[in-house]
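The following pair of complexes shares a single chain, chain A, combined with chain B in the former and chain C in the latter.
Let's look at the complex of A and B:
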């Protein structure tokens, strides 16, 4: 377990990171997910000790600062060095002798699957190969934290899935602790065990992907995650009033207020099977097949909402009674 | 293809110009240096003038002197320019930005401007010795060290440095700007200290540009005429001045020898540049041409 305590970063009077408290579990993959400009890369640079925070500490269980090695978004392989020399650079500057350098490089290149590229130069490699070299260059140093900055954004779709699988497998094989930043929800969900949401330099929530979707900590997180309907309403004495639905709800805002927002994610919030939380009657006005589910637009009074329902649950133009799967959340 | 004749047509003016003024001049020099000079009745081709030149100790001494000065001034310019370029790129503040702007100025000014400025300032009747005399720091202007037309060629060296250091700064800075701090951060994160980052990463990345600057400056200073003519010492003549002096004697029998000297100078400069390029390619950083 690595503990980040009260990490602050200010640059030119601007607060980039505000009081980051975060636990990084060992031998797991943690995603830092957030919109661009939220401070993700700054936080990663601090973990990599490329950047020094204006305040705060990062320690492991023994109170030592963990060593984080970075795989950059653009890989940044040294263009004048061969793959082998790129990989052994970190050992060379630590004055590890040549025989040991070569031996360790052979081992790591075999694991990463680039043994046949040793004598190539970076400009002779494809994007995926470059990423593997960058991985090997970091892994050979046996870092406490393997840090990856937007690791998949420079790869095309098919390669992205391949590398995602590969990194997952590598993590299990070597019991790595990986921290990676991304602004793609799907990448964070596919790769990580835990996701930390960073918005405006603050950690808003640390949870599993499923917990995030079902119970976002606040409206900012919910809005960032998207894929949900946000319906304005009034809140008074534990009672919600909106055009769509009126009744009980779970208030999840920072403090009691009158104007609230009802949060209805596209998936998993509503169903046709009766529960103890009847929602509203609505007519299906549009239906789009999206493979695993159908995208359904439901009209109720003046309000339109979008839902992802299992294929063939509803029919166009029909009116249905919808039920909340569980008590709805307002912010 | 329709484009091919068009391309030939477009290149024609340049080709004609090169053929007329460049290649014909070189060929003429070559014939003459080989002893074909009908004007004074010489018709037989031979290498006599080359062997004579290479056995002429005065020529060889001048050659070595010129080479040493050109090489050392170029080397110093590269060293100082490299240091300053790194300083400017690492320290980003108002001063270094201003210094970089100022350093670009000499690149645009002609050598002759610097020569005249140095003569005005540093010759024993120049501004600075007179000022020092007025201030009572020296008794008479002759006490001021001889910095122009001196046997140590200090005036020439100063002129070259004043002009070429900025050239190196600009060349290296352009490369450093391209790589900004990207590779430095990587090296730092992989555990390298500042010196290791400079030696293993940054220097190899600027090396090809530095060698290019070296070749350009060396070729220029080795063949430059006006600076040594005005600031040089008559007892320690430099090669271009030596050749020019031979030429202005208007001794037609000397012309073939003169042309052979001229060609030796040119061939040496080209060969030396080729050698430097090979060295650059062989050194770390030469493989990719630095950056792509």
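Let's look at the complex of A and C:
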């Protein structure tokens, strides 16, 4: 377990990170998910000791500063060195002898599957190969934390899924602790065990992907995650009033707030099977097939909402009674 | 048609470069070439020309030129490289002023600058000394060297240095193993430019050197003034050889490196 305590970063009077307290579990993958400019890369640079925070500590269980090695978004392989020399660079500057360097490099190149590229130069490699070299260059140093900045954003779709699987498998094989930064929710969900949401330099929530979707900590997280309907309403004496639905709800906003927002994610919030939480009656006005599910637009009174329902659950122009799967959340 | 025009332009260009060169060679070979003759009326024997070319005066001034140029390159790089790094990668108060300061030796007329520098150099007791001369040569080389290096460093960017340090390298290791090799092109340009500028310094070498360093340009100038064109031309030829040959050698060495790298890769691919 690595503990980040009260990490602050200010640059030119601007607060980039504000009081970051975060636990990084060992031998797991943690995603730091947030919009552009939220301070994700700054936090990663601090973990890599490329950037020095204005305050705060990062320690492991023994009170030591963990060693974080970075795989950069643009890989940044040294263009004047061969793949082999790139990989052994970290060992060379530590004065590890040549025989040992080559032996370790052979082992790591076999693991990441680039043994045949040893004598190439970076500009002769594809994007995926460059990423593997960057991984090998970091892994050969046996870092406490493997840090990855937007690891998949430079890869095309098919390669992205391949690398995602590959890194997952590598993590299990070598029991790595990986922290990676992304602004793509899907990448964070597919790869990580835990997701930390970073918005405006603050950690808003640390949770599993499923928990995040079902119970976002606040409206900022919910709006960032997107894929949801936000219905304006009023909250008074434990009672929610909106155009769509009026009744009981789970209030998560600041105290004394009267104007509220009902949070209805596209997936998993509503169903047709009756539960103890009847929602509303609505007519299906549009239906789009999206592979694993159908994207359904439902009209109820003056309000339109979008839902992702299992294929062939509803029919166009029909009116249905919808139920909340669990008590709805209001911010 | 296009081909003809192109070769025509090519020929014109070649003539513009080659005719003055040929003239210098002819001057070096001719013992008598007086107006209004269109061609030298009397040629020197090859032995005479060769003995002139390898005379102690020519060789000693060649030695002086190269010694000053090499020292100037060393001193210039020592100052220019850190300055270029500071100007490219760091923010500090007075950066704009420093930028302007660097170009001052080019902006202020050389003669005004030199007479005043001479005064300072005498005060520092460096007049007539090796270090005094290369310091003044460096002053005129720095604007070019810093500009070439900082443009190159800007292109390379500071990101590789950050990677190197993240991988555990010290600042010193990062500098020698990453920053310097990556700015090879800028260094090459700066070295070549400094070499040429130092070689062609006339007034600075004469004023500061007080006649202790009779370089090629210092010796050549009076000959042209005195109408001794054959001797001046011989100096000019030596001068051209020592400026062009190192440039050619550096260039072909770099090209060879590039080729051997490519050859290596193609073997790897087979």
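Worth pointing out:
Assume the second predicted complex is superposed on the first by the 331 of 331 C-alpha atoms of A that agree within 3 Å, B and C clash if a C-alpha of one lies under 4 Å from a C-alpha of the other, contacts with A are read in each partner's own complex, and residues count from 1 in each chain.
Simple rule for what comes next: a contact is a pair of C-beta atoms (placed from the backbone, for glycine too) under 8 Å apart; a residue touches a chain by one contact, two chains touch by 3 or more.
If you're wondering where the values come from, they're calculated on a predicted model, not measured in any experiment.
After superposition onto chain A, partners chain B and chain C are found to clash with each other.
By the touch criterion defined above, A:277 lies against neither chain B nor chain C after alignment on the C-alpha atoms of chain A.
Of the two partner chains placed by the overlay, only chain B lies in contact with A:123; chain C stays clear of it. In the superposition on chain A, A:189 contacts neither chain B nor chain C. In the superposed model, A:70 makes contact with both chain B and chain C. Of the two partner chains placed by the overlay, neither chain B nor chain C lies in contact with A:230. Across the superposed pair, chain B and chain C both touch chain A at residues 48-50, 68-70, 72, 74, 76, 78-80, 89-90, 93-94, 121, 137-138, 141. On the chain A side of its complex with chain C, the touching residues are 48-50, 68-70, 72, 74, 76, 78-80, 89-90, 93-94, 119-121, 124, 137-138, 141.
If you check the complex, the residues on chain B that touch chain A are 182-183, 185-193, 196, 200-201, 204-205, 284-288, 290-292.
Those residues of chain C whose C-beta lies close enough to touch chain A in the complex are 159-160, 162-170, 173, 177-178, 181-182, 184, 261, 264-265, 268. Within the complex formed with chain B, the chain A residues making contact are 48-50, 68-70, 72, 74, 76, 78-81, 89-90, 92-94, 121, 123, 137-138, 141.
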